[in-house]
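A, B, C and D label the chains in the order they appear, each numbered from 1.
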Amino acid sequence: MSLTGAEVAKHNSAKDCWVIVHGRAYDVTEFLPEHPGGMKIILKYAGKDATEEFEPIHSPDTLDKYLEKSKHLGAVDMTTVVKEQVEESPEEKERLQRIQKMPLLEQCYNLLDFEAVARRVMKKGAWAYYSSAADDEITLRENHAAFHRIWFRPKVLVNVEHVDFSTTMLGTKVSIPFYVTATALGKLGNPEGEVLLTRAAAKHNVVQMIPTLASCSFDEIMDAASGDQVQWLQLYVNKDRAITQRIVQHAEKRGCKGLFITVDAPQLGRREKDMRSKFTDPGTDVQRQSGQQTDNSQGAARAISSFIDPALSWADIPWFQSITKMPIVLKGVQRVEDVLKAVEAGVQGVVLSNHGGRQLEFSRSSIEVLAETMPVLRELGLEDKIEIFIDGGIRRATDIVKALCLGAKGVGIGRPFLYAMSAYGLDGVDRAMQLLKDEMEMNMRLIGATRIDELNASMVDVRSLYNHGAVPSDNLASAVYDPLINPAQREVKAGVKAKL
Amino acid sequence: MSLTGAEVAKHNSAKDCWVIVHGRAYDVTEFLPEHPGGMKIILKYAGKDATEEFEPIHSPDTLDKYLEKSKHLGAVDMTTVVKEQVEESPEEKERLQRIQKMPLLEQCYNLLDFEAVARRVMKKGAWAYYSSAADDEITLRENHAAFHRIWFRPKVLVNVEHVDFSTTMLGTKVSIPFYVTATALGKLGNPEGEVLLTRAAAKHNVVQMIPTLASCSFDEIMDAASGDQVQWLQLYVNKDRAITQRIVQHAEKRGCKGLFITVDAPQLGRREKDMRSKFTDPGTDVQRQSGQQTDNSQGAARAISSFIDPALSWADIPWFQSITKMPIVLKGVQRVEDVLKAVEAGVQGVVLSNHGGRQLEFSRSSIEVLAETMPVLRELGLEDKIEIFIDGGIRRATDIVKALCLGAKGVGIGRPFLYAMSAYGLDGVDRAMQLLKDEMEMNMRLIGATRIDELNASMVDVRSLYNHGAVPSDNLASAVYDPLINPAQREVKAGVKAKL
Amino acid sequence: MSLTGAEVAKHNSAKDCWVIVHGRAYDVTEFLPEHPGGMKIILKYAGKDATEEFEPIHSPDTLDKYLEKSKHLGAVDMTTVVKEQVEESPEEKERLQRIQKMPLLEQCYNLLDFEAVARRVMKKGAWAYYSSAADDEITLRENHAAFHRIWFRPKVLVNVEHVDFSTTMLGTKVSIPFYVTATALGKLGNPEGEVLLTRAAAKHNVVQMIPTLASCSFDEIMDAASGDQVQWLQLYVNKDRAITQRIVQHAEKRGCKGLFITVDAPQLGRREKDMRSKFTDPGTDVQRQSGQQTDNSQGAARAISSFIDPALSWADIPWFQSITKMPIVLKGVQRVEDVLKAVEAGVQGVVLSNHGGRQLEFSRSSIEVLAETMPVLRELGLEDKIEIFIDGGIRRATDIVKALCLGAKGVGIGRPFLYAMSAYGLDGVDRAMQLLKDEMEMNMRLIGATRIDELNASMVDVRSLYNHGAVPSDNLASAVYDPLINPAQREVKAGVKAKL
Amino acid sequence: MSLTGAEVAKHNSAKDCWVIVHGRAYDVTEFLPEHPGGMKIILKYAGKDATEEFEPIHSPDTLDKYLEKSKHLGAVDMTTVVKEQVEESPEEKERLQRIQKMPLLEQCYNLLDFEAVARRVMKKGAWAYYSSAADDEITLRENHAAFHRIWFRPKVLVNVEHVDFSTTMLGTKVSIPFYVTATALGKLGNPEGEVLLTRAAAKHNVVQMIPTLASCSFDEIMDAASGDQVQWLQLYVNKDRAITQRIVQHAEKRGCKGLFITVDAPQLGRREKDMRSKFTDPGTDVQRQSGQQTDNSQGAARAISSFIDPALSWADIPWFQSITKMPIVLKGVQRVEDVLKAVEAGVQGVVLSNHGGRQLEFSRSSIEVLAETMPVLRELGLEDKIEIFIDGGIRRATDIVKALCLGAKGVGIGRPFLYAMSAYGLDGVDRAMQLLKDEMEMNMRLIGATRIDELNASMVDVRSLYNHGAVPSDNLASAVYDPLINPAQREVKAGVKAKL
């Protein structure tokens, strides 16, 4: 027999706290202090249905994994649960109106257009989670801006009737040199989550990297693959290595073809835009809190990442090599010295990346690190010992071409597909990928190359790449600067005459 | 006996489609799928008079060339054709008001002024076609911006009472070192089209380059020439070389004095501003199209260019040399290595050009490529083996002087004359050319040169030319960036007192 | 028996001027011409209570020190003093409303947020005094902007589970490598003044530098220290060295652990924003003053600084070394040559500083001077002979990390704590310091360092640091530039038809 | 007996044209076609009183010099002249209101403030004449911007109690190293004209350079000098050398101490802002003029300069040396090669200048040319053979200090004094000069120099000076650029529901 809403509703305090998720009740009283996202967020739903909040942040198997069976209280008769009447905020009403008026998919001509539309139609918190980055978001913007400091030196009068821009990554043949990189919490953008990306990747024959922090479970994403579609695993390494081993070996068994270990996130970054979007005013009647403590509810990312091991180091690499035969790629390398260490460690690849600007502010763009790396590798004769990928800021096929000219094997694209998915679902991602292919074909022709291996460093002019003179604008510092002004006009009494 | 409007109107579907052009009916049913601009645009006029749409995009002999005689149905009694009552859009009404208020021609003091006026008075689609360029239009703007990174080192106390800035190009004496470069679809700007440019060029004794994609026919433009006026032919090479041969040999017979082969356009670029201006909303009741296909109606340019051969290569040059005695110039060269190849191939000149920013985005400005090219030519002793022209972004006589100081033989100017023509017709083009001459005379004096051959590299400081630190702004990326903000003020209930 | 308000009120002219301060009357008639801030400001309060104006600008012992006892007229019965009814200006009303709505402290996520809030809620004159700087305030902004031209080269796969960013400065162990630098007139921001900074510094275990021009007296600030809290003395050297000697030796006796001699202020700078905020219109009926004289009321700074000795020179250093055993640090050094002189002079440290942009406009940022200095010191083997501090523009822990990578021992932070104090009092300063610690911990992890001594120059890319191409904008010059415009539309009479 | 207004009024056509100037009538019928400013402007006053228009543009002796005596018709009874009732335009009314509200002189804290006030209160045409420059006014703005790319390396701990910034120029002792450079048409800004500058220069003990194109006559300006005040003569060389000789020798006889020959103006530049301000709409009923001719009424400058000799060359220098003993200085030199020629020619000095940006657009700033020049002179041991002055863009004492550090003997300041004079008359100029002195004293102290000869190149960092990456913005090109936009929202019919 099912529980009723009324019964659950009685357990609505920190000392006795039940919540409903997907039609089943759970006693989370003892779990409260352990919740990585803080107890405040759970208490908001004490005695109530928490499904909507729970859904995009947790993969479906979370409760099974982290809450002991005795706390699983069984099914609830949902017809007896009082549906909370949330009044639509004016902000939300405006969003719904914007959705009414959103452009047709065919009006999106490039990847930035999807971002513009997503910003208008996404929920505020979801937009903030996807779009935010570290500190002043300088690196976030530098990532794209850096490409604008690279100019082309195209060849003309090359027969480019037939252009083929397929290539291979870690041994997998792909139709175009990008892959869908791992991004967390796909269901914030679309209720179906990451499996939409799986389907789009299949259609366009590109690799998808599965995120540790997906909204869908790992198996759901693997199951969504079709035929011999290739997927990779992005891994945040757990403090408990047994858990990590289980994850890695399960992925290999399920057929994952690459293990991308994130190395730039011993601690997840503070993202102030996300924090500000999550802030809720406790009200003016509440005694103002003293400043002694920094608020710990720093958005979704911090909450879900407390398990990540800050002690991960080069010394761990041999262990990974001992537990899997998948090629290992270090994701988040940011200096040529570490690329050389990676070669020495015998891994198959590195992703030059600054985590989309979400970790260390003022990390250089990956394209700049690439331009630093390849000449050193070539001088040491190591350029074929390791595959170099980059991600961050790629929005146009010209960006991809530049990366390949400079020696990258391929590029990862993350946010743009999330935005396309959030605005238009699977069709959006599909069109985004097709636009990249159209641009790619055109640009290969215009630069005078018929195959990927014809792209080389002589086709780009990078002399301005290192010139950070014009940094992306420092919005906060600019906003607080009170500019000098010239003397103002005076107010004078009527009738008073001045002479010039 | 003529056909009546009613008779034509019956054939108004994809399966049976007649259209009227210039008072004559044509059966285009079978031609529909072959139309380079897509069938949608023709079907809009099925059973109707399509003249107004047809006119600027096609040269007058198009129907004779591409539609077999049996489909030419003969004259239509135009008095029987129902004139469609197109309601004037508010946008169009505002444009007509702007035309009422347009400045007098004498108020235009420089070439940019014409662009400002043209933008106000041209039809939206025509403006979009002329003004648009590739991707984010970075190269478009870099073309002019690059000149702003070159500074003068003028000589003083030179007797500059008599200044002569005439020169020769491919053996032709001209009064000033610019030529009217080829630009497509002149009738979008003025019903008379390219012949207006012919007349202005004659008056000012400069060369006109005739575009393959003119609205007027080649012969109309040649016929408009006066006396021994010199014209050149710009050539898009057809996949069918027989057609190309016919065009080239006809031009030579008609007296063309130069063959400019476009080498930077194996495929015409995507111009998103143009695409957006052409987009028509199919209406909210239409089922939203899925994203599987990229919309192919990418504006006029793609439509009219499908014949261009992407296989054109260096191997074709000897053939061109075998079919004509005209000097051959390669238009669209973008790296010094290809200039050297051109010398080797024995052609008479190259135009350093990125096609007005309409092809490969992030192509460098032609003035930068020029600064790269000439020192290499001089070091190899080849500077007299070939004439170097540049085009793109030239708006002031100072731009021309800079190009000549750096070694160009002359510069091509395109859009500014189109804008002058679109706003003020022949008088506009005439004044635009005169303004350049006035500026040229003044600037020759002020830099301390009395003849073109006195301009040299010591008169310019190009140290900043390669400095792309400050790229033209990335409008789309800037527009979608959601800036960090400081904490907002709070809404408080009346009567609540806070203490500072 | 106390004086009455009426009695005092009689002495209300320049020839006979009494004022009330903190309930006691003073005869300042003879002192008027000697007042460093000019007599005008005193005369405004002739015969009245001047406490509110006096308070933040003068330390409590000022009257005892500078006005002979015979002029101390004794207590006033304050109930008999007519309280002046100052009408609240609309500007002040708006400020009070802004205070009502000010954000909660928890909504401040970084140091710039405090500045934004302070600007909204501070009194105009106080804000102007704190925020203003020299000339066009270019150096003010360059100070922070310079950090944005330094990029990180982080290490990955370093075990950063345990991060310790404590260090020592002049032998004192501190929890984080910043100190509270000296800033004048703390009571302008908060009635309690500098002692709030003392308490916050104690809590966070950082050093406070006590300013010569504090609103609180030196002893008040020393008394506010708790336990073995370390404080330093910032010294403006008096023309009368006996006074200076007294100050220094008193400080040493009270336990100060460092003497920071300001060397960049032989004369205090003109700060036009401050001057403009202080300007009061003498009214339209007053005869317009001729331009012969520059207005001397240049804000608080000039007024309180007339005692500073412009003759201070290197020759004075041995004397300082003879009168104190405190470590001596020269504050305001701006070129490597002077750092070498400081080593030679045997002082213990220098602060590379441009006085927060308040002195010589176009002084370089301290971080740039640091980058110039350390390689020279290292080459000469002097890097351990002297401690190098910097201040100016530090707003983020990334700024601190950059300074330490480049060789600084620590950084001084001034304005941000004043802003935090002005907006939120002690809690504000506390939170500001905590935010820096949180950022510091995160950034140490993300750059791959577990201790301060692991930070080194290979972790930063300073190639763009010297690139001043993009200077902070020149607001005044921009504001007065009247831009060229395109021809305007014409006004036409109704009915007149133009043809295009 | 005087003429009456009615009699004069009859002669009101091009064939019979009388005008009244300063109460006397003149027959200018025959002179009309010779008028350098065109006949149109005179015909506007045919038969009328032209004094107000005539006054600021012509020196008082113009009519005596250029109109033969027989055309001088004698006195007019001005009471009989109908005073034209000019209706005040709304624009002019607003200006008069702005004058009512203009700030007090004491509120101007720097030279840019005067420019801001002048812009508000000057007549449109006068403002346009003073403020305009060549083409896009890039050089105009670069002149000041270039100083912002130079940063200081100040010395500390220098005894700067006594600071002396007097120096000598061409043997004359001056109190501060600037002079009032020559600027034309002073009466446009103030009815008294250049003599106000003479008086201010006397008061502040600086040299005034008298312009050829002054509104006051040369002798009026000389007569206005007091005591042993030193003045120089700026010379535009006349095609008729006899006139030039007369001018030079008269100046020497009157006591001029320097001859500054302008060498950068063989033809005066086009200043479009000035032209646009002068444009008057001929009305909509007038047949639109064809574009064949460029409007010649290009503002005051062109009109008054037709006598200048474009044939002036190095060969003329010995002749000048033969006719005068005054030191000769070449004003407008712009490259080091020409400075060396000047040394060779044996002149006493050069002014590195681009004529305030009014001549060749994209001329480099004089401070940049100075930085190029001095190292070459020093290497050749010529630095003492010639005095180097610069002008253009100097607005702050820091600008002066930078110029002196780099080797200039002094700097010329022009427009700022015109603006001060136009806004506040003599008092304005006086205050402007005093502000510079106040700034100078402070900055000498802050940079650590007690005398001018202690300023040297080690005190400035010019590494960014040559970096023109960020040019002043190109207003016209920016204004006409139509930016790409993201897809717009759609208008939808009420009731239609879209799904996300």
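The definition used in the following text is that a contact is a pair of C-beta atoms (placed from the backbone, for glycine too) under 8 Å apart; a residue touches a chain by one contact, two chains touch by 3 or more.
A quick note: this is a predicted structure, and the numbers were derived from the prediction, not measured.
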### Message
By mean C-alpha position, what chain is farthest away from subunit C?
### Response
B
### Task
For copies subunit A and subunit C, work out whether under half or over half of the interface numbers are shared, and give different or same accordingly.
different
### Query
Centre to centre, by mean C-alpha position, how many angstrom separate subunit A and subunit D?
58
### Message
Nearest whole angstrom, what separates the Cα centre of subunit B from the Cα centre of subunit D?
### Response
41
### Query
Which residue numbers or ranges of subunit C touch two or more of the other chains?
104, 107, 109, 112-113, 116, 136, 272, 276, 281, 467-470, 476, 479-480, 486-487, 490, 492, 496, 498
### Query
In the complex of these two chains, what residues of subunit A are touching subunit C?
135-136, 138, 263-264, 266-267, 269-270, 272, 275-276, 279, 281-282, 288-295, 309-317, 330, 332-335, 337-338, 341, 359-364, 466-471, 474, 476-477, 479-487, 490, 492-493, 496, 498
### Summary
Within their complex, subunit B touches subunit D through residues 104-107, 109-110, 112-113, 115-116, 119, 127, 131, 136-137, 141, 144-145, 148-161, 272-273, 276, 281, 284-285, 395-396, 398, 402, 424, 427-428, 430-431, 434-435, 438-439, 441-443, 445-447, 458, 461, 463-464, 467-470, 475-476, 479-480
